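Structures are listed in the sections that come next.
Look at the two complexes coming up: subunit A is in both, with subunit B in one and subunit C in the other.
So, the complex of A and B:
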């Protein structure tokens, strides 16, 4: 190799390294920690106000590239009405059984657990509060319960959420491209979520 | 008849403001009506909402370190140790970790698009891991050549492992097909820098092997990937040589490298066995071409000086008297 060529190459190396360094610095300056796909519950067809009497949207389940979807239904218990006859737990159109409850459940995978909680009313033992917990290992994000937990019966405490540990963060999320309400967006995790996670390690 | 129509219309117009008023009443969900701990009593504690987070930040740093470490190992194994077996082991490890465990993400190939978006779009931000993933292999290539391609890139390593009976692609055809990757690179950048509504990530959409790594994906991904693996048994690493857009960037950088794979007449022999052993057509006139060399060390494995001669196993032939 002649001296001229090797000198030109050395110059090229330096110029390339400098250029890449500059571009990297610019990107690092405006970089953000972790950017993840999220669902805007106020936009999601299953949880947004006014969408009553429509079929639940199951595109989160159908479109996601992850087996059994990276989307799960979550019940925010602090906003839950803890109803005796929960429209998301029971199929309220099914026949009433001997105990006066609907005989069928709504969830096709039986992922919701129901248990009575709190103090028992001595006047009417049946008048109790109930806790509804969704088993995330069974749930597949079909959205039926979120759609059912709505006005007038529900308080909208069940919403669909992206499980960030299952989501593979595709550049072009298949759900986001097919979501009819543009409820999928990509952004940094809200600080509140991070802090809450730290406070409750469970 | 006509009068009645007008009356109905008038009534409609008069009723319209009321209708609008009815629509505009703000409806709030009665969240405050939800019974809280004190209403429920009996020592009940509201369970916290499960919020699974993505991988912890330190794991991302670990991934970056592993990427850098694997490239360092690749350079050391190929340039220093000249160990074909070592590179093959590294390839297996990379397919296992970067491929099947990390499901094809840490992917510098796809990061081209993210970097392009972040450079063009003022609002787009990308994580530091992606920035490191994009620039580290290029930086290594500027000095040592395409060390990333050898046993680090999961897509490359997977193809590396299926090379069964490679044929030499005619040089002119090889060069012509090599232009495809630049076309792909330009197309990928073009689609990525479109405004948000039209933006598309074609490298990810047509990623050949991520479907295998994730054990799920679109049918066309499996079709492309399967076809490339079958072709790859006879034509060494077709995706890397002819299609990989990141390979285009790497070969630009590798042209400048001064410490990569070298085949010299004094350390090796000028016998040409290496050129026959190279499945990627990266040896031209018995010299390694850095922009095409994929760091597989097959040339060294085929070199008589590295094998029997180095191990002192050559049989001494006694001269006849």
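So, the complex of A and C:
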């Protein structure tokens, strides 16, 4: 009996020590800027599947303490359909212009550029792929393009991401407290971002 | 012209085809279910992979397109064989004309033309700048009319294109328009099509899912249904029976809506 109790106590102390160690390590990493605010695309209203026909959520823009927000729209080009008429670039419900394209762009800051891939067929511009490049110096993370790119309208290649060079890593992030889908979370800096930082010149 | 909804068939699948006696064939993840013209279940059988296309040949055999293969059954559902490695990706449409079998290869963004002995003849839809159909929606659909002209949905170009079976582009109808229902909206529509009498083209669209019918020149004849399907629907299969009834599969609810021209 006494042997069991002492074993239980020892295990309890080890668990406490491990917990405290983990918490300490977390705080150290946070202090070193390795624990950062991030967006879970599967939860974000603008990119989560199933919610269609709703207005884009712009709380990342409105709530962030950083001027023009630390959140940006990012197009994962490998998942992009490279469409002639991209619903994230064009306002697809606007009137059709002389070229047969929507007459209005969707982005209020004109932050997306549309470029043909390869030679354009002059008699038939639809006969081509186009790439869509987001200018992050213009983007403010309003989320309109991400919402428009979401399935089933698009392929969901555009999502919102926290830019860690802009984020001031508040303890109590204003976006996280207001996010209706609990998509904002703190976690270890993604490996891909770390690798990118290591590769980029100081 | 107007259409009204006749009923709904709960087929637990969204891949549809019409067989002899206007029997509706519905294929899903693991089964094919057959319903008579009144929507009463007749028979069902297992398939080895989730279905991505279905077609009933003149002899009543049922061809089920799947990932990289086509399973062939007799009309009672007995497996006659499996046509393997026919394409690299999903077979998203199957068609027949005389001694030809055609299959849509969505991964290659093209249609492959074979004879009935599965000997390859030619490829259709790759002779262009984009080296294939523009199908970011993940499905390539076509239908062959009684004269042997293939009609293919090219959603990225907002068109229905016509080809001879030797692969020559004969022309196209359709245009983009996000306001006028006569046009195709969004990034990539129409996604699916079926052919009817008078050369009419029956199509479905996504992102504002709807079904409509165009005449042979691409002029809108009627919007068959709009606002009825689940908003998340995409690549809704469409089929016609001998009485002109239109069948549209809701890919989210896995129901098949049946429409008829209003008197």
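Here are a few things to note about the model shown:
The rule is short, and it goes like this: the second predicted complex is superposed on the first by the 151 of 202 C-alpha atoms of A that agree within 3 Å, B and C clash if a C-alpha of one lies under 4 Å from a C-alpha of the other, contacts with A are read in each partner's own complex, and residues count from 1 in each chain.
The rule we apply is simple: contacts are C-beta pairs under 8 Å (C-beta built on N, C-alpha and C of every residue); 3 or more make two chains touch, one makes a residue touch a chain.
Predicted, not measured: the structure shown is a model, and the values here were computed from it.
Once the two complexes are overlaid on the shared chain, A:16 sits against subunit B while remaining clear of subunit C. By the document's definition of touching, both partners, subunit B and subunit C, reach A:129. Once the two complexes are laid over each other on the shared chain, residue contacts for A:85 go to subunit C alone; subunit B is not touched.
With both structures placed on the common chain, the touch criterion links A:151 to subunit B and to subunit C. When the two structures are aligned on the shared chain, A:65 is found in touch with subunit B, with no touch to subunit C.
Judged by the number of subunit A residues each one touches, B leads among subunit B and subunit C.
Of the two partner chains, subunit B and subunit C are each touched by A:119.
In the superposed model, A:100 makes contact with subunit C only, not with subunit B.
Overlap of the subunit B and subunit C contact sets on subunit A: residues 49-50, 81-82, 118-119, 129, 151, 155. Across the complex, subunit A is touched by residues 27, 29-31, 33-36, 39-42, 44, 46-55, 57, 60, 103, 105, 110, 113-115, 118-119, 125-128, 131, 135, 138-139, 142-143, 199-201, 204-205, 214-218, 253, 255-258 of subunit B.
Interface residues of subunit A, counted against subunit B in their complex, comprise 6, 9-10, 12-13, 16-17, 20, 23-24, 26-28, 30-36, 49-50, 65-67, 74-82, 117-120, 129, 131, 133, 136, 151, 155-157, 161, 163-172, 188-189, 193-194, 196-197, 200, 202.
Interface residues of subunit A, counted against subunit C in their complex, comprise 49-50, 52-53, 81-87, 91-96, 100-102, 118-119, 121, 126-129, 151-155.
Subunit C meets subunit A in the complex at residues 128-130, 134, 136-137, 156-159, 175-179, 183, 185-188, 206-207, 209, 231-234.
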